[in-house]
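Can you keep this structure in mind? I'll have questions shortly.
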Amino acid sequence: MLYRESGQYKTTYSADQAIFTIPQDRVFFALMLLVAFVGIPLVATDYVYTALLIPFLCLSLAALGLNILTGYCGQLSLGTGAFMGVGAVAAWNIATRIPDLNLLVVFALAGMITAAVGMFFGLPSLRIKGFYLAVATLAAQFFLPWLFVKWGWLTNHATSGVITAPHLNIFGWEADTPLEKYLFALGVVALLALAAKNLVRSNPGRQWMAIRDMDIAAEIIGIRPVVAKLTAFAVSSFYIGVAGALYLFVYLGSTEPDGFGISLSFQALFMIIIGGLGSILGSFLGAFFILLLPIFLTRVPPMLGFDLSTAIVAHLEFMVFGALIVLFLIVEPHGLARLWQIAKEKLRIWPFPY
Amino acid sequence: MSSVTEKKIGDVLLKVENISLSFGGVKALTDISFEIREHEVLAIIGPNGAGKSSMLNCINGFYHPQQGTITYRGEKRKQMRPHQAAKQGIARTFQNIALFKGMSTLDNIMTGRLLKMKAGLFSSAFYKGPAEREQIEHREFCERIIDFLEIQAIRKVPVGRLPYGLQKRVELARALAAEPTLLLLDEPMAGMNLEEKQDMCRFILDVNDEFGTTICLIEHDMGVVMDISDRVVVLDYGRKIGDGVPAEVKNNQAVIDAYLGVQH
Amino acid sequence: MSETSGQPDGRDPLGRDTIPKFFAYNAQHRRDRPAMREKDLGIWQTWTWGEVDGRVRDLAGGLAALGLRRGDKVAIIGDNRPELYWTMAAAQALGGIPVPVYQDSVAEEIQYVIEHAEARFAVVENQEQVDKLLSIRDRLPMLETIAYGDPRGLRHYDQPFLRNLADVFKAGTAHNQANPGFVDAEIAKGNGSDLAIICYTSGTTGRPKGVMLSHDNVVRSANLAVSFDKLNETDQVLAYLPMAWVGDNFLSYVEGAVTGFCMNCPESADTVLTDLREVGPTYFFAPPRIWENLLTTVMIRMEDASGIKRRMFHYFIALARRAGRNILEGKPVAFTDRMLYALGEILVYGPLKNVLGLSRLRLAYTAGEAIGPDIFDFFRALGINLKQLYGQTECTVYLCMHTDTDVIPDTVGPPAPGVELKIDEKTGEVLFRSPGVFVGYYKNDTATAETKTPDGWVHTGDAGVFTDNGHLRIIDRAKDVGRLTDGALFAPKYVENKLKFFPHIKEAVAFGDGRDHVAAFINIDLAAVGSWAERNGIAYTSYADLAGRPEVYALLRGCIEQVNRDLSSDSSMTASQIKRFLVLHKELDADDGELTRTRKVRRSTIAERYGTLIEALYSGQPSIAVEAKITFEDGRTGTFKANLKIDEATTYSTMRKAG
Amino acid sequence: MAFFFEVLIGGLMAGVMYSLVALGFVLIFKASGVFNFAQGAMVLFAGLFFVGFSEMGVPTWLSLLLTVAVMVVLAGAIERLVLRHLVNQEGIILFMATIGVSFFLDGFGQTIWGSNVKQLDVGIPTDPIFLMDGDILIQSFDLWAALVAGTLLASLVVFQKTRTGRALRAVADDHQAAQSVGIPLNVIWIIVWAIAGLVALVAGVMWGSKLGVQPAIVGLALKALPVLILGGFTSIPGAIIGGLIIGAGEKLAEVYIGPFVGGGIENWFAYVLALGFLLIRPQGLFGEKLIERV
């Protein structure tokens, strides 16, 4: 209905292959960016940044990373939490050991280290598939946090066992306030999301999706499964590693290194199932949804006059998540992103039903 | 047409010698030898379970025969994986359509083109510049295939939504995107109606004619086989029982008994 | 644009009297503006006027090198492709005469045209057309060269007279380098009285006739039409109707050259609707059939929408039918209606036009056949400036056009600028004089003399009347207008058109001349009736089966009775109410000669082929056995046997009498 | 040496518990190809209901019956609400769905019964038993556990010989063939999930008696996954032997390797062992090698 596409014809391939081929979408997206970078800073409170927006950005990035692996390449992983831990611990180590290093370089290096670790744990994917692989990634999930604690060098033998992120200093810009931290995280996430979109719409993405959709056919047209799967693990882990570093540096501030547990892994998995497997947008929608739901569950029943204990709310959260996962898998396996896309399609062909 | 020039069938492109293949003691292929010549259309026929698909699987490296050798372009081939065969210019389609269901027609074909593309992770992530130029250059090539196979109307449609006949055509397009030297088609016309079959025959002949692609196909429809193939190899119970031009094979008693007799 | 505004006789103020001169002008003054687009390889490949000029000059050089001389005919066969339009321009630049041929003609039809036109050259789209030409080549000794645009499948064709158009271009580049100034000199040699094109009209009877149009004809007509409708270089058209039809030639090619606007060629016949949506033309011509199809698809698709959406749609369409036309024509409208219409524009009209690809339309025409007033009104109600145009090849496309503000659905408008019209008092036939009056029928002086009177008037063959406000209303072909036994006037087409308005009826043939009442054949529209059947749970196996279902008969009887009510309100037409009808078991088909290529009913063929059915309609019997020879799509023929029911419809007495 | 045996036996006994959970996985996987991540949550769920009923003062035998009923209803609900809608979906989707089921059961059980650790005493003796002249100490509870597991296994084997059991095997081999035999697939699934539910109940009672019924059981039950990788997803003996290997392996590793690396390797040893095993023999000790067809 809002789309008026007639007369928007493409005269070049580069226009035909753009991320947003429809001008209305471009405008909408530009508006969203404007809201994110300018609108929100005008209105949001510190509480909104620290309780919602910053964790949202960090976890979106982690979900995005997992989505590359699971949604695009079809390799299930339950090790997201541990890989975020790798990124956080790596970034912390680099930043404290080389204090003057530019923070962006720190994050990039942390991402690469995570990528290397991810590839290592991805090796079994060359021989096994599906839930076998999920179990293999559980090994990472249980082994790595143990390693963070037991290998003292990793935490600089901190007696408390707690690692605390240094100040954020990016090219001399000190990001101290929640707003600044938010803007920093937003910048990183926006850039990486763009890169991810570029990846999935060109050669690497096609390789991954080919492996996901029909691995035998993919190999027969010349895709090397080893390369496709390991790059998926590497890129995915890079994103998750950077997400972990952000999580520590921007959100938590300090943490015990074994705080990157399996619940984070499940959280990320739920984000992409509900948000949409194989969709960049879905990673964000899913993260938003999963973060907002507990807040909703905590706030809404009291408003309706039900006074629920925190324990009950926590249990309810489990139930709702569980039920939602099943519901989405049954009704719309491609999640919120697909619903969004359907809504968009409906608007594009309005008033027709198809 | 009266004055259409004869196409030139060249040297031996691929030679299969004394291939035997078995799965856990069950013999799928026994001592098979034949050759595929450049630019020809070779049909492999035979009753169900004769080992036709297994033969293609050996040629493109999916199965590894226990005995025998395959010589490709004059070189004796070592055991290889399918993607290596693809790199050498062997493409194929499948009996049961094996498209990438989550992608559009165009993306499927572009994926078939990956072998010819170079952009790696970093330039792809950056996209602008070399990666985009490469995408555009190969998009144009893929568009020519789309044009060739007359599937313009469905280029942006997810392949899962396409009717069967069109899916088969997209699969052929994907195989062609790799500009193969040798194209293996596993029952390209199975399950098609008469009109779709005629279209597919035309496309196969056009591919063979236009690009000089050597084609080795498995087909059940004897009419089709007789019409479009230059030579026919007949398998039965994993053994070769006939090999020759269509007319010869049609009159070969062993073939009639084993194949035609069974079918009719 | 100043250079096209102008003279009352349509002569060009800048003295450009041939199409090539306009091309040359555009190449200079609009060098970087888009001239042509073609959806090819997935995107809209664009050529500017400068590029088009280069291509045309190369091609002209190439054709000259192949021996094309002034006055030679060039047959052009294929879908709307830029290179075929360039061929046209190149031939004209050299003083040659393009002869476009319908691309779906069978070989024998092509043979007739090429033979009759004595074409020495044929430029065709692809292998399909080459194969057709090769199959008749032995019978066409004068045909020297066949050039093809798409080499696909032609690699092994080694006939010496076959040329790849790409090679012709190359040869032309070389030729023009060797002969600088050659093409310019050739263009300069041309003048307005030269022949611009020969269009073969399919005609409802007999062999096609070659209508010769001069450059003066097309240039002056175009100049007048362009200033009448204020077309300019920013306009966009979709060139999708057959190139052999004078309308496409005039509206896309000639008017494009005259105004410098951009013509867009669709990717393939399958994708026209998608391409229409993408291009979003500002100026669009479509025969009634296409408007009808658009409306039918709209209605069918809306049937499947959810209840709320459907109700909203129907509410706003009703509102539009009430207020839309008045708003479009700037007439007074109640404030609330105006507000609601604005809301409707957001919710329904705007999106609908957009999805159909009509949202950028400034100007749309329909012509060729009468259009159902309801269909016509529907599009105007949406705010689309759809107008009627009446004309024929012999007058260079148009005689009458509606003005933007004075549109009456069942007229074709007042005489267009520069056109004189009169009606023969005895026969009711329309005659005209205009700058577009054709030169003559090629090699057919008898026919020319029969059509053109010595004082310059031309017979249209159509019967018409002038309405009080000076609009022309066409009733039927002059020769088809008949009388019932009681002496009442019977214009079959008038009745048929009323029937064909219903989406369920694809084609209708009415009989009544010399009879005591009117009866009709009906052809159902498979898409519409099929969808209706599906919704109502009616199973059917084939077209013939569906056509014979009693439910379908009941549906159609309802339609016919509505037409009868409608006819009964007009005293001169009340006698034409349909008493009996049957539903044909097959679609009337151009391939069987029952329709013309432009899908007009061929009455004589039908009367001959379905004589027994017609007699049955008038004999009172309840059904009739048919055994028909039918041609399958693959060319085989077979017979079809069935019993066709004949149904009766209620007729109504004249309103005036009843009231 | 005696210490070694003591650790080994302790480990094997812990392994029995893993096996009990793994058995549930195998049953469901064999019959329906579903990799049931919720098996651990089902153990907790069954345990919570059982202990919950008991705490309400319901006699043990009745609690047991009631819980059996709950598990059967649960099986029906899972079939009706989840599986039925996901027929013909890819394994990975079903797997993720069972993760959802797992979370739901986890939350549901605790919403009803709370999340405190609940002591469960069904009268299994817990006295230490000394073997080999007192050199080796083992818990009589563990022996009981082994006994129960053995009984369960035996009854499963017997069950496989019954008509229904054969039907289950038929389903495992070929869904269509099974349907043509005339057994509705839905019924089969309910039966399988109900049996898995009963196995979960047994496991829940045993684990609960040993550790108390608490949410941590779900995490412990995850160890059944490496057990399966070792034993193979389709093999009942595999589940048993895999469980024993994992149980013994992690205890021995903890005792003999743990001190060198700071301890706590019990948490991950099973997974890393499985990971290594995957690289060598992906189909597991008793699994069947799959031939890929093109």
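A, B, C and D label the chains in the order they appear, each numbered from 1.
Basically, a contact is a pair of C-beta atoms (placed from the backbone, for glycine too) under 8 Å apart; a residue touches a chain by one contact, two chains touch by 3 or more.
Values in this document were obtained by computation on a predicted structure and should not be read as measured data.
Undergrad: So which chains are sitting against chain B and chain C at once?
TA: Where chain B and chain C share a partner, that partner set is A.
Undergrad: Which two chains have the most C-beta pairs in contact?
TA: Going pair by pair, the biggest contact count turns up for A-D.
Undergrad: Quick check for you: compute each chain's CA centroid and the global CA centroid, then name the chain with the smallest gap between them.
TA: Of all chains shown, the one whose C-alpha centre lies nearest the global C-alpha mean is B.
Undergrad: Quick one: report the Å distance separating chain A from chain D, using the average Cα coordinate of each chain.
TA: 33
Undergrad: Report, in whole Å, the distance between the mean C-alpha point of chain C and the mean C-alpha point of chain D.
TA: 75
Undergrad: Measuring centre to centre with CA averages, how many angstrom lie between chain A and chain C?
TA: The mean C-alpha positions of chain A and chain C differ by 57 Å.
Undergrad: Find the geometric centre of each of chain B and chain D from their Cα atoms only, then give the gap between the two centres in Å, rounded to an integer.
TA: Chain centres of chain B and chain D, defined by C-alpha means, are spaced 48 Å apart.
Undergrad: Using the touch rule from the top of the page, what residues of chain D touch 2 or more other chains?
TA: 294
Undergrad: Would you pick out the residues of chain C that each touch at least 2 other chains?
TA: Where chain C meets two or more other chains at a single residue, that happens at 42.
Undergrad: Give me the residues of chain B that touch two or more other chains.
TA: As it turns out, chain B has residues touching two or more other chains at 62, 94, 98, 139-140.
Undergrad: Name, in rising order, each residue of chain A that touches chain C in their complex.
TA: 1, 3-13, 15-16, 348-354
Undergrad: List the residues on chain B that touch chain C in their complex, please.
TA: 1, 3-5, 7, 106, 139-140, 143-144, 146-148, 150, 152-153, 155, 194, 206, 209-210
Undergrad: Help me check something: in the complex, which residues belonging to chain C touch chain A?
TA: It comes out as residues 37, 39, 42-46, 236, 277-280, 298, 301-302, 304-306, 309, 312-313, 346-348, 350-360.
Undergrad: Which residues, counting only chain A, touch chain D once they are in their complex?
TA: 74, 76, 121, 123-124, 127-128, 130-132, 134-136, 138-139, 141-143, 146, 149-150, 216, 220, 262, 266, 269, 273, 311-312, 314-326, 329-330, 333
Undergrad: Along chain B, where are the residues that touch chain A in the complex?
TA: 60, 62, 81-83, 85-87, 91-92, 94, 98-103, 107, 110-112, 114-115, 117, 119-121, 124-127, 131-132, 135-136, 139-140, 174-175, 178
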